[in-house]
Amino acid sequence: MTDALLSVRNLRVEFPTRRGILTAIDDVSFDIMPGEVLGVVGESGAGKSLTGAAIIGLLEPPGRIAGGEILLKGQRIDDLDAESMRRIRGKRIGMVFQDPLTSLNPLYTVAQQLIETIRTHADLSEAEARARAIALLDRVGIPAAARRIDDYPHHFSGGMRQRVVIALALCAEPELVIADEPTTALDVSVQSQIIDLIKEICAERGAAVMLITHDMGVIAETADRVAVLYAGRLAEIGPVREVITAAEHPYTAGLMGSIPTLTQDNARLVQIPGAMPRLNAIPQGCAFNPRCERAFDRCFRDRPDPIDRGDGRKVACWLYDAAGVAAKEKADV
Amino acid sequence: MNRLARMWDSDIAWSFRHSPVAIVATVVALIIIMGAVLAPWVAPFNPFDSASLNLMDGFTPPGVPNQFTGNTYLMGTDNQGRDIFSTILYGARISLFVGFAAVVFSMVLGIGLGLLAGWRGGWVDSLLMRIADVQLSFPSILIALLIFGVARGFIPPTMREEVAIWVLIVSIGLSDWVQYARVVRGAAMVEKSKEYVQAARVIGVHPTRIVLRHILPNVMGPVLVIATIGLALAIIAEATLSFLGVGVPPTQPSLGTLIRIGQQYLFSGEWWIILFPSIALLLLALSVNLLGDWLRDALNPRLR
Amino acid sequence: MLAYIIRRILQSVLVMLVVALVSFALFRFVGDPINSMVGQEATIADREALREQLGLNDPFLTQFATFIGRAVQGDFGISYRLQQPVMELILSRLPATLELALVSGLLAFVFGVGFGVYTALRRNGWLSNTIMTVSLIGVSLPTFLIGVLLIWVFAVELQWLPSFGRGDTVQIGNWTTGLLTPSGRASLVLPAITLGLYQMTLIMRLVRAEMLEVLRTDYIKFARARGLSNRAVHFGHALKNTMVPVITITGLQLGSIIAFAIITETVFQWPGVGALFINSVRFVDVPVMAAYLMLIALVFVIINLIVDLLYYVVDPRLRVDRAATRH
Amino acid sequence: MLSKLHTGVFARTGRAMLMAGAALALTMTGANAETLRWARVADALTLDPHSQNEGPTSTLLHHIYETLVGRATDGTLQPRLATEWMISAEDPTVWVFKLREGVKFHDGADFTAEDVVFSLDRARADSSGFKALHSAVESVSMVDDYTVHVKMAGPSPLYVQNLTNTFIMDKGWAEANDVVLPQNFAAGEENFAVRNTNGTGPYTLVSRDPEVRTVMAAFGGHWDATPAVTEIIYTPIAEAATRVAALLSGEVDVVQDVPVQDIARLQQTDGIKIATGPENRNIFFSYDMTSDKLISANVDDNPFKKPEVREALSLVIDRDAIQQVVMRGQSQPSAAPLPPFVNGWTAEMNAYGKPDYERAAALVAEAGYPDGFSVDLHCPNDRYLNDEAICQAMVGMLGRAKINANLVSQSRSLHFPLIEKWETDFYLLGWGVPTFDSAYIFNFLVHTREGSFGSFNGSRYSNPELDAKIEALATMTDLEARDAMIAEIWDKVMEDRVFLNVHNQMLAYAMKDNINLDVHPENQPKMTTVTFGN
């Protein structure tokens, strides 16, 4: 796996609180290949955004990386000093946030924000940076970019602003873009345009994308592979087509069930009963066990590690543990 | 869990238990407040009873027998022979009374007007906020001076002394209502547009009930913070007004009046007359301010 | 924009009229000027005659109308106490107060913003906590006491700085300034600290609170995610956004600085309008009191206007909003 | 700072040079010997010599203008612009003044009788603050260049005593600058004389910034010897603590209004000394002893009308305690409602006993108030030395006789109108006597309020018999008989207890210890009298 662009190994993120330490991300590992789009899905609180924040080094105190490592092209970046990490941000890993309305500083023009960022990472003159900024705005689909570049963010609509945000995230040509729910705050009508834009523009530049979302539909259309997080743990990871068509983890299956697809009755949404446990009340064994129809005694006792299922698929479920399956089958008999 | 245990376990209580500053500030403030409230029982003398004073006791240094009367006082005496320690307790009583009453006055006024402005909107809102703007930028001590002037004109001379303290309270309180009004108005406007409030209005729930049940509880946090800091400010404002010759009668001095009197003896060697009341005022205002600071941070979930 | 300014000016005139009316109404209760104007030998008939001559026996509204009629022509009458034209008197005292207010305002602003930013960025550092606590002393003791204590320490004991007055001044046109002479600058130090301490504490707390809010916003997170330096994030992005509310409050505080100057000027015998006002109150010098309050109202109105314009410069969003709404 | 100017000034007379030199030698560490920095509580209100009859104004003007007669520090009259004065032998209603020759105004004009006539007329004008002091004058006329006759309405043996603050202006200068009359407020215009001066006094005005700084330099053409102080920088400092601080920090050389509590400490301070002396002013309480009902009392009649209550008041006041504690020893306790400087004062009147609270309480009960009564006590808090503290102490003492006084202490601008309008039952007042004669007290405080009499008679005291005697005093030329009548009047006033006197005020000036300046009984120190050296 040395050719992976980004490798997350056994990542563990903790929040010390007055009631003890909360483990928000627990032993999560995955890779992103160059140029690949990895979808990261899960319910809110599953740790999707925290994973993104941990990678880019912007965990908010008192959150901290308590274990594991993050490698960018084989180089560890989770233990870098603040200044070296800052050089990576924007330059090698770009990030797009959820809400374009609040992501842009209202007091600076788009030009000021773009030029500042470009010049932070590249040794360019003001004019060169400006030219590049205009080209970029043009590329992300801002009409009359040369004129509108001097407008303030509030002059733009939500969708346009998200285009500006994308331009900002890409202006230093990063190798990886982390897009954290980039369309959640937008009108439905522009959501797919923005997703397409991210996909297109990253493909064009050979940048990999880590697309964080709770929308399986977006994942299905956009991602190459998908990682499913549940209660801070990796439930399943694999190529998007296989995971969608043949989900192995009961939680993934439930999630897939909850996407209305053409093959199913639109009116019937399959809901997973219950709710994700709070971080301070994760049950012993598999975190999903209270909601799992197929849970058995071992699920309540031991925590499952991701099991390699071939074809780049992994699933953390005792159902797929060879010994476990055998035991269950025996019991069923 | 019973109520007490739940309180003990609440976030606020936890944050309090883990803030040494808040604990020390509370203890100091409580000691002073208790001392003030219980002054008639705690203080060795009643300095407000002029007839009980012996002028010859005046200017007794702390812990040293008076050269004429031989009496000894813990913190010495002032120019009238009042025991400084007792006078601080009685004075703090006046200061705290003025402070609390002024805060309550401005809080009630501010919350009332804020709700009115936020709830009614329209020209009522515009008018009230315009007045608030003017008031906010017109210096508070000038307002207090002016109100004091007006009151002096309206109130018959024989009643002036009795009402002086109330005039003082209104003067200080009136310059402070805007802050409450702003906070409450904002909250009222936000809540008003929420669905449940709209729904409640549709089914005919009385607005007063909506306001009391839904809006007020939401703003109590920030209001409490403003009130705490406002208490400290009111106590200082009272002292400042006393320096300008507006305030409580010298026969019943507040902490501020005591400091104003003591300030005359700064160069004459009677340091205790100003030192002890100043320390008391500083401790009181500082601890209340620190509590306000802590409360502000503790109630702001995003800063926790 | 122009319509907005005109509207604001009209509002301001209204405010000034109200202030004039209210303050004028109050003077009747401050006391009787006659006693201070005549010697103790004056007969009661003489006193009554002077009262009549000054129009003090006229109905209130007549007095007010006369006052406003003259005031709009810039004529505030003759000071009962110093026997000079009030306008001239106030204008001659104004530079002292404005210099004091501006210098202390500047001190308060610079240190307030500096400490505010520092304590926000190092939220739990021991130095931050120390600054936060020590600065509270500035609002926990009455101004006059702080002034007297500063005099005691720096003028009497250490003899580093003058205890009173303005030192040597230089006349530039109609403006007397103490900023150009060493003694003038030395004289400014203690009063400016006394006056600025309170405001500094307020500004510092405001900046800290605003800064903490701003630092939590998405655009700051996004700025960090773009790899901007801490310097650019803190002082470019965060500080600028923090300054919007800070400018409003600070601007409004300038009015209260001028009012609080009453106390500072009294303690330091600073020859400004505040001391003039207090002396006038003691003497019931109605023309000076009325003019002073009008001046304060005017200063407030001007400051408000400037603050609004500054707002407009700093926050681009308002440029659209203002134009769009009916203002 | 201004040394060039000084050299020019004191080089004019060898004597000044010598004195200044000697002073310099003696005070290596002290202030510049020729310049005196003088601070007091308030500034002169105006430089117009006849506009305001007010302490600080007259004090400052004595350095620029001069009067016909002056008051020495012992209270006696001394010649200034008049060298001799007498009642005309032919007509007892005419005062004759012989004027000093060779006197020049600052602008070089000669001083003549014409100027005196002009100035006395100006002082009698309607807008003058000195009008009342000259109310008995019928006309002023010039006999020759150096003789002036003042014709009175009747015999006025003490008129000359009224002249110690009436300054003489130059007629020509006044006419040229349109200041023939003092400031008229209603006219709404500023008078040239408010900020400009032309006197005959020992100093000329160099610059003036009201309430900030007034600089004066010795007038080389003055008829008297050039003073040791060749330049005066006068600075008002209103705050007591700041005033004392300015002296302690060496920023001023002389402080005139020293708070009594700071006197002892300043005396012990190296390099500073204090001059103290009695002021010609007594401080007393008085009360409405005439009305049937009081405004603020909780009883339906007027306790002060009853002699027992007034006697009780005289028994509760502990003058020695007030002197020792409130005044820090800086007062002369006295039962006499007049300062010793004043003609009519006797040692017997001055005497007072120890307080007797039991007897006082018994008297109050005897008067029909077994539970005592309550009343407001009005007090100024910015007029006399420790006025508020005196009242506060009095409240405590009254309490011991079951008289519950509510202290109302307020600014002078609110206090004095109460007395003028008869809106106070019980009040504190101080009275200075510029004429040094009892008649001045009787006229304003004892005579029934009517016409020009009794304007400060807050006791509403009215005794027609006494009124007649008081009016007679004005024209009595037989000074012995007059003194006897004064004694008679005082006997009655003391018997009726119209005043409850507290003490005579003492004045204290603090200065660098190389400066010598005596206390002036009217608190009008003259910097010409300053000498340097220990």
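Note that the chains are named A, B, C and D in the order they appear, and that numbering of residues resets to 1 at the start of each chain.
One rule holds in what follows: a contact is a pair of C-beta atoms (placed from the backbone, for glycine too) under 8 Å apart; a residue touches a chain by one contact, two chains touch by 3 or more.
Everything quoted here is computed from the prediction, not taken from an experiment.
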**Prompt:** More C-beta contacts across B-C or across A-C?
**Reply:** B-C
**Core chain by centroid distance, with centroids computed from Cα atoms only** = C
**Fill in**
dist(centroid_CA(chain B), centroid_CA(chain C)) in Å evaluates to 24
**Asked** Roughly how many whole angstrom separate the Cα centroids of chain A and chain B?
**Response** 52
**Request:** Would you kindly tell me how far, in whole Å, the mean C-alpha position of chain D lies from that of chain B?
**Result:** 44
**Overlap residues in chain D, where contacts from two or more other chains coincide** = 241, 245, 248, 382, 411, 414
**Message:** Counting only residues that touch at least two other chains, what does the list for chain A look like?
**Reply:** none
**Request:** For chain C, jot down the residues that touch at least 2 other chains.
**Result:** 30, 148, 152, 156, 281
**chain C partner contacts - residues on chain A that touch it in the complex** = 56, 58, 82, 86-91, 94-95, 97-99, 102-109, 116-117, 120-121, 152, 154-155, 165, 168-169, 171-172
**Prompt:** Contact residues on chain D for chain C in the complex?
**Reply:** 45-46, 48, 51-54, 129-133, 183, 185-186, 188-191, 194-195, 209-213, 235-239, 241-243, 245-246, 248-251, 382, 411-414, 416-417, 420, 431-432, 444, 449, 451-453, 455-456
**Request:** Spell out the part of chain D that touches chain B in their complex, as residue ranges.
**Result:** 240-241, 244-245, 248, 259, 261-262, 264-265, 295-296, 318, 321-322, 324-326, 376, 381-382, 388-389, 392-393, 395-400, 405-411, 414, 418, 423
**Prompt:** If you look only at chain B, which of its residues touch chain D in the complex?
**Reply:** 49-53, 55-56, 58-59, 68, 79-81, 152, 157-158, 160-161, 245, 249-251, 263-270
**Prompt:** Which residues of chain B touch chain C in their complex?
**Reply:** 21, 130, 133-134, 136-142, 145-146, 149-150, 152-154, 232-233, 236, 239-240, 243-244, 256, 259-260, 263, 266-267, 274, 278, 281-282, 285-286, 289-290, 293, 296, 302-303
